[in-house]
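Common to both upcoming complexes is subunit A, partnered first by subunit B, then by subunit C.
And now, the complex of A and B:
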């Protein structure tokens, strides 16, 4: 049953329900996490506001356009966060403590089994909510009027962005199969992804290249935002290929890691 | 049911040098040393067998089990469990097997035991009748309800092990791999665990492969023994055959009339070179002798000649003695006609 797509979906929903149920046990942790997150996004918004109090535009971006971009970044990151947070545990301790084996002895795809332990992570819900608010609010302020094609594309753009985030995370977390822990590498990659929340035009060309073609975070917010704001499809044309290649590279490394997994200890 | 053909596993271990300077040097140069944990093991265990997997620490037991359960991929050779190569077809293999690693939990750390079982029920598509039957069994034997809704991370080792054991059998697996399944369990619970697996074996024909430091687990569960040493199989056969490999035999007897027990002990020491005699707490005399120096005929003949025996028996060599001998290195080949 769990081999069929329907069965897997039911299993995913059940595990997600279990995940939410688990929140009850960590209610304080959840409240602190959400509180800290809201303060962080609030400060980010204020900081952007302070900058724009002094200058009308930065690198050609207005206040509301920057917030729109930030909203896009939060949407894709939130969707990814909702499903792949357990990858942090993989990079941090699952290999090191010899606990990873438990995903290999169940009749479920190991990646699914791993991720399912933290489905519906609440931080992801917060990011999605705040991201949606920022996009709608700044979009209204800018008087954006998306056509039917753009409306149809929005879910796909968010999905592709989330997949890119997930791929980078999976890639760096999978390094732990070789290095036992890969937390510092994953942290560095995540910190770089923060740059995706601001206009790429602000950065030096080398950082722009890095964020576009090496760790393609530009496609998680900048490319879709530029398209939705200005109809500019220059970068967006590459989105399907970049998403596909990122996913392939990450899954290939994950598979190689699985086949060389050495369960430590007795 | 379980087949290994030239199964080999090498580990690459980064050479580390001691000290601060050493660890800096290790960071820069990557020297590796290859350690062969399992060295071309071959064996075949039939369906429905209950086998103890025996070997000293570092003999490659756990590594073999990790390959048989699909957790690790062999460096060379292959293994088959119910016709499946476990590491190539993990999901299909996983349906057929139940696993316990006593040292490493496989349960959901943040969840209670009932929640974990609900997940397993869905993951394995366990039919309602099977689930109800097994749960009733665990209630009766493992007192599983007493674990309540406490998250697994807050359970004691003994409580957690009860849940691990139950989780490994919940889906009626064809093959059970248990690596140290009774650590942290008291006598009553150990007994319950043995009953559970023996019941599964009797009713469903479950194949069992067990490692345990507790030799009474082995004696209570297993009929067969697979002994590895230095990554190689040194014995495969029944547990009984293994016991007959012991290099020491003993006879315990009671006698009527004649000299007292202490005098008997002295007489045996003088008359049977190589044998040692002692008085048991019950006032009987126990004679221990090396199987390669004396035959049971010589020993019994001597005793029958000198003393009027009232009762006499030859206890089977205990597993611990045999294993100590194996772990020290060198298992003599099985001898014929050793038992009196």
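And now, the complex of A and C:
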């Protein structure tokens, strides 16, 4: 039953529902998780605002354009956070403590089984809400008027960005099959994704190349924002290929890791 | 002297803290990349504001002094990453705190003893290389010797303050299981109101007033004011150090009071 796409979807919805129940049970935890993001992002927005009190534009970007970019970054990151947070646990302890076997003995794909444990992770909701607010607010302030094609592409751009985040996460989390725990590597990669919330034009060329072609976080916010703000498709046309290749690389590493996994028994 | 206050009792905790740290050497890499990325973002942003290299810009900063402020703020943040909040929260969450409480030592002092080697190692292995790296990439201000000495004194106080702030954050584990959220929020608030993302003198009026009443100012902005000589004579320097001392004393007291209250109502389920 669960092997068919329809069954998979039903299972995902059911597990998502379980996640939402958990949300109601641990209300303070939910508020703390989402509230923490509100505070952090709120202060980040203020920091950007203070910069623009002193200059009209930074690297050719105005205040609202930077906030629009930041909003895009939060939307893709939040969407990814909502569904793949369990990968942190994989990198942190599932292999190390020998707990990973439980995903192998269920009658669904191990990756699906793994991720389903934290579907609708509430901590991502704060990011999504702030991201949506920033995009709409700064978009309105800029008088942005997207064409029909742009409107149609928006959900796809967000999805592709989230998939790139998920791929990077899966790639570094899968390293734990070889290194037992890969938390530091994953944390490092995540730290670098913070650069994506600001215009890449600020950075040194080497850092730009790294963020575009090695850890492609440029495609999670900068490329879509430049397209939506200026209609510039120079970078955007690489998005499908980059998303596909990132996913393929991550899934290939995950499969190789899976096939070499041996439980540490006790 | 009460046995719980004899310093020798805490030496084993300090050495074991260091041993644990050296087992997980990759954490240095994470701390380093985090600090370097944080410094890079703020430095790139603010250098765009001070694009004109002649004369002082907003807040009386020059291009060099604002860069120095932001880079050294990150170095201080590295010295403040003592992991006390993580450790305390985790021990409370797992219930291991019960075992720790049976020992004839003061638990907060144990955490301080275990945290100090972490601070020293972080400063030496991450903070100093970070400073050297940025000094090689961008011009920094060379401080006057007296200012550098005042900065060092002030930096030591800021480490104590950071310990108190992190201990209080870790104690949130007594009331919630989502200590991750509390720690995230703490990080954001401290980074902002200490001056790590925006030099406090550049904040608009109300926010600046808020920053000046919070203790976090003493964690980065205070030492940096001394380092860059942005104070008026001996009285100005004394005011910065006095503010730091007062907040350190206040938070130590708060930690002691809250710690007693928390332990009194602690309940650990055994198994």
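Simple rule for what comes next: the second predicted complex is superposed on the first by the 263 of 266 C-alpha atoms of A that agree within 3 Å, B and C clash if a C-alpha of one lies under 4 Å from a C-alpha of the other, contacts with A are read in each partner's own complex, and residues count from 1 in each chain.
Operating definition for what follows: a contact is a pair of C-beta atoms (placed from the backbone, for glycine too) under 8 Å apart; a residue touches a chain by one contact, two chains touch by 3 or more.
Being a predicted model, the structure only gives us computed values, none of them experimental.
Participant: Based on the superposed arrangement around subunit A, label subunit B with subunit C as either clash or fit.
Facilitator: After superposition on subunit A, subunit B vs subunit C: fit, no clash.
Participant: Mind working out whether A:117 is in touch with subunit B, subunit C, both or neither, as first, second, both or neither?
Facilitator: A:117 sits against subunit B, while subunit C stays out of touch.
Participant: Should A:58 be classified as contacting the first partner (subunit B), the second (subunit C), both, or neither?
Facilitator: So A:58 only meets subunit C here.
Participant: On the A-aligned overlay, A:13 touches which partner chain: subunit B = first, subunit C = second, or both, or neither?
Facilitator: Touch status of A:13: no partner.
Participant: Examine A:98 and indicate which partner it touches, taking first as subunit B and second as subunit C; both and neither are also allowed.
Facilitator: First partner only, subunit B.
Participant: Is A:33 touching the first partner subunit B, the second partner subunit C, both, or neither of them?
Facilitator: second
Participant: First (subunit B), second (subunit C), both or neither: which does A:248 touch?
Facilitator: Touch status of A:248: no partner.
Participant: To make sure I follow: the centres are taken over C-alpha atoms, the vertex is subunit A, the ends are subunit B and subunit C. What is that angle to the nearest 10 degrees?
Facilitator: 90
Participant: Quick check on the superposed model: minimum Cα to Cα separation from subunit B to subunit C, whole Å please.
Facilitator: Superposed on chain A, the two chains' closest C-alpha atoms are separated by 7 Å.
Participant: Please report the subunit A residues shared by its interface with subunit B and its interface with subunit C.
Facilitator: The answer is residues 26 of subunit A.
Participant: Within their complex, state which residues of subunit B touch subunit A.
Facilitator: 11, 57, 62, 66, 69-73, 87, 90-92, 94-95, 97, 99, 101, 103-106, 108, 110-111, 115, 118-119, 122-125, 151, 179-180
Participant: If you look only at subunit A, which of its residues touch subunit C in the complex?
Facilitator: Within the complex, subunit A contacts subunit C at residues 26, 28-30, 32-37, 39-40, 43-44, 46-48, 50-51, 53-55, 58-59, 123, 184-185, 187-188, 191-192, 194-195, 198, 202-203, 207.
Participant: Flag every residue of subunit C that touches subunit A in the complex, lowest number first.
Facilitator: 24, 26-27, 29-30, 33-34, 37-38, 40-41, 44-46, 48-49, 51, 57-58, 176-178, 180-182, 184-185, 187-189, 191-192, 197-198, 202-204, 207
Participant: Any idea which subunit A residues touch subunit B in the complex?
Facilitator: 1-3, 7, 10-11, 14-15, 18, 21-22, 25-26, 98-99, 101-102, 104-110, 117, 259-263, 265-266
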